[in-house]
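Each structure below appears as structure tokens.
What follows is a pair of complexes built around chain A, which joins chain B in one and chain C in the other.
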Partner chain A sequence: MKERIIIGFDSFVIPFMVGMIFILAYCIIGLVRIICRLEPSDRKRLFISLVTPKTILKNIRDIICDCLLHVKIFRRNLMLGYMHASIAFGWFMLIVIGHIEVWLYTPHRQGLLYYPVFFRYFVKETNHTLKGAFFFFLMDLFLLMVLSGIGIAMFKRIRSSIVGMRRTTRASLTDTIAMYALWAIFPLRLLAESFTAGISGGGFLTKPMYWLFHNFLSKDYHILPTWWAYSIALGIFFFMLPFSRYMHIPTEAVLIVFRNAGIKIRHPRKGYSELQIYSCSSCGICIDACPMVTHKKNIKYSSVYFMRFLRRKNRKKTREIADKCLMCGKCVAICPVGVDSCELKRKFRNADKALPARNYDLLEVSEEKKPAEKDKILYYAGCMTQLTPSIYKSMEKILGAAGADYEFLDREGGICCGRPLLLSGNEEAAAELIRKNTEAIMNSGAGTLLLSCPICYKVFRENYDLKGIRIMHHTVYIDNLIKEGKISVKNSGKNLVYHDPCELGRGSGIYDEPRNTISMIGNLKEAAENRKSSICCGGSLGSLTLSSEDRAAVTKHSLKNLTYMNPEEIITACPLCLKTFGTYSEIPVKDIATAVAGNITCKNKKDKE
Partner chain B sequence: MNRKKNILIAGAGPAGLEAAYRLSMMGFSPILVEKEEMPGGHLNKWDRLFPEREAADEILERLLSRVKNDVNIKIFTSSYIEQINELNDSYNVILSTGVTIIAEAVLITTGFDLFNASRKEEYGYGIYERVITNADLESWFKGNGKIPVENPQSIGFVHCVGSRDEKAGNRHCSKVCCVTAVKQAIEIKEIFPHATVYCFYMDLRMFGRHYEDMYLEAQQKHGIRFIRGRVSEVSENKEGRLVVKAEDTLAGKPVKATMDLLVLMAGMTRPASSASLYEQLDLSMDEDGFLRQSDAILNGQSNHRKGIFVAGACTGPKTLPDTIHEADSAAMAIYEYLNRMTV
Partner chain C sequence: MINFGFTLSPSSRIDLDKANKPDFSRLAEIEPDILKCMACGSCAASCSTVNFGKMNLRKVILMLTRGEEKDALPLLETCVLCGKCTMVCPRGINTRHLIISISEAYKKAQKTERK
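Coming up: the complex of A and B.
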């Protein structure tokens, strides 16, 4: 080992250093700004999480899995996963090993940011020693890994289908520049290291490359320009980073820390939201997932473009997409970075909305406070179930058959749960409804609140404070009744497909209970895309402006997905899905309650008598 | 010479019957194809017609007698067009009964389907006994079946069921339901003079001659109450009566009324059973599912396809007089086409 340059400096490192210092300063200032913008309670939460061992471990695990290994993308598509992991993990390892080399060989150069990057230029080594051969091998291996990833990335630009993506995002100008810089970095590094391999030594990749080039490049004039090019490519990439999608590389890790600290989105653009915005890698996985993208013209409605316009502060386009979104949450569920674009859209809807003065006098609640009875069930059908009487009639039948002690809260008219208002961004009005409903529910004395509508279910769980009351969706309630033997059902032998309603599945994580029940009353069939990937029915209250033609296209697409196994009936657990599918479906659509009520056997009723 | 020329008429409703009569008068040989056992279409199910309340039977009888007494008109009932192929200057048609026809021109008079009111589940048709449709009520007027309640005290009519309703997939206005509702409200009030009758409407589209008079008569003479606002939902109370919730947009308040009978004014939608015919002929439809006319103002009966003509409600909701006029113009248009005349 020998240092080639005594002063340890060459002017070609300048572009790299300028870019590096720029991006470091940018990131530090950005991070400080974001922390300053946080609500004091959130800031406290963040600092506490940074010293809590459990959260620290979780942070480390998440950062390794998500930022380096890209486990989520691997689960989606092996090729796409390898592409991301090879570049991220390979590059990370090059940096780490570079630093180890500096630490081992030239400890006095520690702290020079450029030294590990251009180590081969500055330090001469031979692969005849075990230590030298080991590092040469490792560095070449990881460089090869990165290069293979870059190769796939280049090919992906031509044919995105090889990584399982039908449609990808259209790159903006800055993205393109940064991308070309990124593509250039590693081939240039390979060339630079290969040219220098004759002097500084090299591994299984760089040494043969050196011999190859040596045959026709006898003079050494090309060595320094190649190092310059490598440094310039790095400099350009770092400089373009804040203006391109690659900003997700440093931001994602910070986002993970903030998210694990339990910080919530409070503003569509500022504070924590800024982390979300810069974490979006513009990968476009959400384009194929978005139910609205049934036609090419609707690509612009997908979350990736929402994030892009939000980042560019294009209010008009951001508003258009925010209002259009069905809020089905599929893009959030499959986002490899975990950007919560739905919540950002909701906050965006909420921002600077001029609302007319409202009159809440019509909201009446009975003042009478009933004694608490733990076993009493309070059934809240909700607006949408009121509009689909087949569901609550079936529920009445099931509750009757189970001999349950129940009260129908909104039989004679009730108050909306508030979720439609929340989704449309009217948080204030929603709070008023929530207050009134809470009063009515607390007055009832019931121990369980039973709901038929997933939209209500989600809001009751997340936005209500109902201490001591168990909140249940009827899918879970019915499943329990069957398991406990309180009702018995016969198997109709029909092929039934289950549609996961967005608010129940992705929204509340209920996937198995309805499936258990359906397998008791028929043969459960699965849709082509199901559970977390289920496709919105198109009737969602989430969208404020989606046209009826576009909605119809979503519904038809979703039906096609459901009927892929040729089921005889579609079973859903949401009155809104039921209604929406009913308009276009060629086969009967039923709520799970109706399907169960139709197959209930009277055995238990007799037992009771 | 024209006698040899067959003209296929798809659908023997009022438009088809009228056109067959006119075409025969012009010397052609019309062939009517009707999927039902009886010709006459929806007229068979109706009791009396607005605005003068003529008996539907009599009108139908007059339409039928002209066709039945004409040896040049052939009529195939209980059959539908299974296959239709374009030849050089004519169409080769195979009926479900196996009959093959070569027709020089085809007239589409497939009419409409009544909107399936059970699709508006919030109104409870098919769930609550006491919710019926305009067609059910008309059939009861005609003496068929019975209404679900002996002596209703309170009766409601819900306008625009499946019309002007994007969520039901129908943005269009069905045109005739407003006046039909007024007519039926008067008729039921005459049968149950002590009942209170409500009409829940969005707008009252009393566009035809004498319609406005009927509307005034309904209010002044019969005391029918008109409430501007849509019905939001219907439920059943413990006595089995209906609880109707609506909005009174004039008073700016929600209203809730208990009723004994609710009549849903189901609108007109495209005829589902004609889908295969439309597809085989490659006829273009508008978003609402009704057939497109090549020139709706001056040449409303022709289609972009050569030798295909359209008349009646298959090109959108229409009143009976309009349908009859269209059938007459279609006959003229076919005459011109077959004699190679230009307009």
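Coming up: the complex of A and C.
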């Protein structure tokens, strides 16, 4: 081992150093600005999380799994996962091993940012010792890994279907420049190292390349220009980073730390949201997922473009997309980075909407306070269920059969739970409704609040403060009744497919209980895309501006997905889905309560009598 | 005059000269769906707040087309945007967005009225 350049500097490192210093300064200033913008309580939470061992471990695990290995993308598509993991992990290992080499061979050069990157140029090493050969092998191995990833990435531009993506994002100009720079970095590194391999030594990849080129390039004039080109490619990439989608590389790790600290989105554009915006990698996985993209014209409404326009501060387009979104949450559920675009859209609506005057004084809660009874169930059907009376009638039948002590809160029609207002971005008005409903529920003295509508269920769990009251959706309640033997059902033998309502599945994480129940009353069939990837019924209250024709297209697409296994009936657990599907479905659509009530065997009831 | 115990009702004729048409045309630009309404009343029948307030979208649309926004706008105050009217509308009108658009288009009128 010998240093070739005594002063340890050559002018070709300048482009790299300029880019590197620029990006480091940009990231540090950005991070400080974001931390300053946080609410004091959030900042405190962040600092506490940084010293809590449990969160530290979680941060490390998440950063390794998501930023380096891209486990989430692997689960989606092996090829796409390999493409991301090879570039991210390979590059990371090249950097780490570069630093180890500097630390081992030239400890006095530590702290020079460019030294590990251009190590092969500055240091002459031999592959005849075990240590030398080992590092040559590792460096070439990881370089090969990155190159294979870049190869897939290039091919993906021509045919995205090989990585399981039907549609990809339209790249912006800065994205394209940064992408070409990124593509150029590694082949140039390979060339530069190969040309130098005759002097500095090389591994299984660089040495044969040297022999090959040496045959027709006998003079060494091309060595320095190649190193210059490598350095310039790196410089351009670093310089374009903040203006391109590749900013997600540094931001994603910070986002994970902030998210694990439990920080919430409070503003559509500032503070924590800035991290979310810059973490979006514009990969376009959300385009294929979006239920609106049944027509090509709706591609522009998918979350990736929302994030792009939000980042560019294009108010008009951001608003158009924010208002169009169905808020089904599928893009958030499958996002490899975990960008919560739905919450950003909601906050954006809240900040941007012209709020109509609201006056809810007429909604009086005049009930006197009743004594608390732990076993009493308060059934709140919700306004959507009032539109589909079959659900609450079935629920009454089931509750009666189970011999439950219950009170029907809104038999004569009730007030809304507040989630539609929240979704439309009217938080103040929603808070008023939430206050009135809380009063009514607390006055009832019940121990359990039973709900039929997933929209209500989500808002009651997340935005209400109901101390001591258990909040249950009827799917869970029915499942419990069957398990405890309070009601017994017969198996009708029909093929039933279950539709996961957005707010119940992705919104509240209830997937298994309804499936358990359905397999008791029939043969459970799965839809082509189910659970986390289930497709919105099209009736969602999330969208403000989606036209009825587009909604119909979403519904038909969703029905096609559900009837993939030729079921006899569609079972859902949401009055909104029931109503929407009912209009277009060729086979009967039923709520889970109705299906159970139809198959209930009266044994238990008779025993009681 | 002899009091017969009843009077003539005031004229129900609408004075179109006084009606605020520019506001309505602006609304129709934002939400052309309003012109599709055939006043069937499904929205009013399915309304969640019908037991609690005066909300009646059918009436609001009729009044707005006649330029009587002063009487129409207070009716919207109790709307909770639950979206049931959108689901039942046979003409496929996006009533939820219509309600938001009404408040947007008539913002000025609302402000002067409050003063």
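Note that in this section the second predicted complex is superposed on the first by the 606 of 609 C-alpha atoms of A that agree within 3 Å, B and C clash if a C-alpha of one lies under 4 Å from a C-alpha of the other, contacts with A are read in each partner's own complex, and residues count from 1 in each chain.
In the analysis below, a contact is a pair of C-beta atoms (placed from the backbone, for glycine too) under 8 Å apart; a residue touches a chain by one contact, two chains touch by 3 or more.
Worth saying up front: this structure is predicted, and the values here are computed from it rather than measured.
Engineer: Sharing chain A, do chain B and chain C clash or fit in the superposition?
Structural biologist: On the shared chain A, the partners clash.
Engineer: Which of the two partners, first being chain B and second being chain C, lies in contact with A:416: first, second, both, or neither?
Structural biologist: second
Engineer: Is A:387 in contact with chain B, with chain C, with both, or with neither (first, second, both, neither)?
Structural biologist: Both partners, chain B and chain C.
Engineer: Could you look at A:277 and tell me whether it touches chain B, chain C, both or neither (first, second, both, neither)?
Structural biologist: In the superposed model, A:277 contacts neither chain B nor chain C.
Engineer: Which partner does A:433 contact after superposing on A: first (chain B), second (chain C), both, neither?
Structural biologist: Touch status of A:433: second partner only.
Engineer: Which partner does A:582 contact after superposing on A: first (chain B), second (chain C), both, neither?
Structural biologist: It touches chain B, and chain C stays clear.
Engineer: Hey, is it chain B or chain C that touches more of chain A?
Structural biologist: So, of the two partners, C touches more residues of chain A.
Engineer: Touch test for A:360: chain B only (first), chain C only (second), both, or neither?
Structural biologist: In the superposition, A:360 touches chain C alone.
Engineer: Would you sort A:548 into first (chain B), second (chain C), both or neither based on which partner it touches?
Structural biologist: A:548 sits against chain B and chain C alike.
Engineer: In the combined picture, which part of chain C sits where chain B already is, 9-17, 27-35, 45-53 or 63-71?
Structural biologist: Superposition on chain A puts chain B right on top of 45-53.
Engineer: Residues of chain A that sit at the chain B interface in one complex and at the chain C interface in the other, please.
Structural biologist: 362, 386-387, 412-413, 539, 548-549, 579
Engineer: Write out the stretch or stretches of chain A touching chain B in their complex.
Structural biologist: Per the stated touch rule, the residues are 362, 386-390, 393, 411-413, 539, 548-549, 552, 579, 582-584.
Engineer: Which positions of chain A touch chain C when the two form their complex?
Structural biologist: Interface residues on the chain A side: 323, 353-360, 362-364, 383-384, 386-387, 412-416, 418, 420-421, 424, 426, 429, 433, 539, 541, 544-549, 576, 579-580.
Engineer: Under the definition above, what is the set of chain B residues touching chain A in their complex?
Structural biologist: Its residues touching chain A are 119, 121-122, 124, 127-128, 166-169, 171, 232-236, 243, 245, 254, 256, 287.
Engineer: Could you please specify the touching residues of chain C with respect to chain A in the complex?
Structural biologist: 46, 48-53, 73, 76-84, 87-89, 92-94, 96-97, 99-100, 102-104, 107, 110
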